[in-house]
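Only one structure is covered here, and it is reproduced in the block below.
Here the chain labels run A, B and C in written order, and each chain numbers its own residues starting at 1.
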Amino acid sequence: MSEATLPTAAAAPPVEAKEETPFRRFARSFFEDRLATFGLGLFVLIVLLALAAPLIAPQNPYDLASVDVMDSRLPPGDVAGEGFTMWLGSDGVGRDLLSGILYGLRISLMVGAFSGILAAGVGMAIGLIAAYSGGRTENIIMRIVDLQLSLPSVLVALILVAGLGKGVDKIIIALVMVQWAYYARTVRGSALVERRKEYVEAAQSLGLSHARTVFRHILPNCLAPVIVIVTVQTAHAISLEATLSFLGVGLPQTEPSLGVLIANGFQYMLSGKYWISVFPGIALLLTIVSINLVGDRLRDVLNPRLEK
Amino acid sequence: MLAFVLRRLAQALFVIAAMLVIVFFGVNVVGDPIYMLISPEMDQQQIAETARALGLDRPIWEQFLIFLKNAVQGDLGRSFVHGESAIKLILHRMPATLELAFVALFMAILIGLPLGLYAGLKPESRISRLIMAISILGFSLPTFWVGLMLILTFAVSLGWLPATGRGPTVSILGIDTSLLSLKGWQHVALPALNLALLKISLVIRLARAGAREAALMDYVKFARAKGLSQSRIIGVHILKNIMIPIVTVLGLEFGSLVAFSVVTETIFAWPGMGRLLLEAITRLDRPVIVAYVMVVVVLFVTINLLVDLIYSALDPRVRLTEATS
Amino acid sequence: MAPVLEVAGLKTHFFTRAGTVKSVDGVSFHVDRGEVLGLVGESGSGKSVTGFSVMGLIDPPGKIVEGSIKLNGKELIGLDEEGFRKVRGREVAMIFQDPMMTLNPVLRVDTQMIEAVTAHDKVSHKAARERARDALAKVGIPSPEERLNAYPHQFSGGMRQRVAIAIALLHRPPLIICDEPTTALDVTIQSQILAEMQSLCAETGTALVWITHDLGVVAGLADRIAVMYAGRIVETGAVDPVLDTPLHPYTSGLLGSLPAEGEPGAPLRQIRGSTPSLARLPQGCAFAPRCDYAQADCLAQAPAVTAFPGERGVRCHHPLNLAGVAA
């Protein structure tokens, strides 16, 4: 048992333990896993660092005045012309890599979060429509979902950006397009199961409207799997954005996400200047791994039926 | 059996037709490639002439009809950039990609299956936990980042293996392959490993889950009660049962190997069709993009069909239900 | 003549996170040549674990912690995996409960039979196949040559159990352990298989350990009977005396819960309560909490075995029907 669970367990007298709220119970079983607790802690730290980037970064990489080309490709630990230490070295045009990573995290996380939430919204809406309309509409929607899911996401995203072009908004659209189907399938599945349950029949026989049934009764019961998919898909989206940006078809140089930073360092890698690519890569890795650790645990806690 | 194959064939053709429509409009509705192909000094008339030469001045549905008519004849247009038949360009690059994907597929089985079996049969051991940790990591790591690390480790730091290119190729029955020389294998090793990593993780998981499930089955206990050796039980009774899901999943994943080779080929400068696609995307070379997608779709559909056939060959229960239905 | 199987003081425990489960806790019995021993008990009494212990098929977290298992006079405890492998199938075979699960679904019947032959005898593929075919014929499977090429799912449950029996008989082992082999079958097929087993064993002189929860099956089949409760044998003896004049209250209770012949409409008696958790057995007699005849000493101390003439034994402080035994 990890320390995190001890205070709650000690504070709650045995009688109350049975009446603990669902959220408490959920939190307790979540923190029972040390790795997941570590993952969540790491993720929170990463988000805080990204949010605080303008305050804590030694340099504003967007401010061209503060960047000196003379500082380019300095190894980790060297001192920049302006006097501060570049703990992680500098990139090809003399930007402090640590600052670049902090700012890059902002962009990567933002793209991941936005696309995840948008895809969840779009996918859930489509899934509910499918489950509720039934018949031919449902058939067509689910065919499209199956087709979408059978295609590799990288390929779909590549083709989409080929059409859409570069830019944050376009990448988000592309990421939503590759993700929505997961939500649609899951929500439809859950909704079909929930719809057959007695409380929904009861709600309908009480004369509640369809919309009310959906939002008050069916949707909350679909939330558990959706939350799991949101975490897993957000990690996937961040990874995919980095991949596209690395390939040069994702975000432009003006929006230097982690993927763009890694791509910029790639050309120096063969000559041994590893840090320009490696450090942003590690930041990307930690972000993805921390989210996946949380997602894995959420899946275990929220939905024991799903296999790992 | 024949009815089953014919039905699947009809489905496959339908999917290909649907993709033709989706891809053509998807790629052609957005962006005007003409501006990618002309020099800034050209005047309006020259632009119009170029557009006419490329057929870009006609209405979109007319372009589609021409495209469709040509597509049926196996002609998916000429590359704006190379001036060659797009499909020829792709097919010319395809063997390199398939070679990479096949090597990766075999790596996934060769590495993933024993590790997964071990983890499944000895779930409590420390090595098994390590194997599972690696497989979880394998799912989290972005392919391109692993590729960079492979280059950094094996090519830059250790200098063991080349980082780029395909190495010497030998032509056999009209297909170029680099798998007949040591040098060729050295070149293919890193990119194939990079491409295989995700699939290795996948195979480990599937094999572990399958082995754990099978080990608890009565038929394994009965096989032991018959006096069979451990190696026969694992190698025949358990393996044959877990190969069914693994072959199915890997077969379906072959498509994603081809897709991910876009990333790997770019990092390792592997001259396959994935790299061609990326070049086409950055230059908006629409015919090449369309040709690539169509080739990949046909590949997908063919593989799905093959997987179904292999599946029914492996699992006697499926064969029966198909025969009676 | 030495018994085929002699088990003495066998303890097989399972070391789980919830504690040590003493599935088999000091079991002793023997099986003579050609004899049928009925090993009777409720689920969880340790009867199947006893069977698997003899086969050397106890997997972690289970372990044989004590005792001796002698097969044809040879000690099995302490054999390595290869030593056990040589015994399994040749000197002792086993038939399982659920015939739908015992045959590998993706291997043809001939594969599964031939490998059983060649596991012990270095014979050609052809010779092994012939033996497999003869074995199928023997257990009453029509057109055995064609059926060899079939997959298990093409057989019915009863037929699959016949295939399993054929496999068990391939090496004519002196002993077969049958773990409720008819429980999962229809009643009509059940009696067919029972009759088949009986005649086959009489013919080959094979001894059987017939594990079951069904006293009715045992009554018609077994020569002797051993009743298990909570990991121990509580009563043993020749089948008729045990069933006619049970000494142990548990045996009596089991008999009482069978529908009595010739007494339609008579209410069935039940043994109150349920089997105790094998991880936390009471200090005294394990059956005491459910026993109608329990007294103070039953709760305080576990009873030892009291032996009676005619290989009769009971593990009880206050046996019933003592007059019947003395007479």
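FYI, a contact is a pair of C-beta atoms (placed from the backbone, for glycine too) under 8 Å apart; a residue touches a chain by one contact, two chains touch by 3 or more.
Quick caveat, the model's predicted, so the values are computed rather than measured.
With contact taken as defined at the outset, there is no chain that touches chain A as well as chain B. More C-beta pairs touch across the A-B interface than across any other pair of chains. In this assembly, the C-alpha centroid of chain A lies 26 Å from the C-alpha centroid of chain B. As a whole-number value, the distance joining the C-alpha centres of chain B and chain C reads 54 Å.
Rounded to a whole number, the gap between the C-alpha centres of chain A and chain C is 57 angstrom. Under the contact definition stated at the top, not a single residue of chain A touches 2 or more other chains.
Residues 15, 18, 23, 26-27, 29-31, 136-137, 139-145, 148-149, 151-152, 155-156, 163, 209, 252, 255-256, 259-260, 262-263, 266-267, 277-278, 280-282, 284, 289, 293, 296, 300 of chain B are the ones that touch chain A when the two sit in their complex.
Of all the residues in chain A, the ones that touch chain B in their complex are 147, 150-152, 154-155, 158-159, 161-165, 235, 239, 242-243, 246-249, 262, 266, 269-270, 272, 274, 277-278, 281, 284-285, 288-289, 292, 296, 307.
Taken in their complex, chain B has these residues touching chain C: 124, 217-219, 221-230, 232, 236-237, 240-241, 244, 314-317, 320.
Chain C contributes residues 55, 57, 60, 81, 85-90, 93-94, 96, 98, 101-108, 111-112, 115-116, 119-120, 151, 153-154, 164, 167 to its touches with chain B in the complex.
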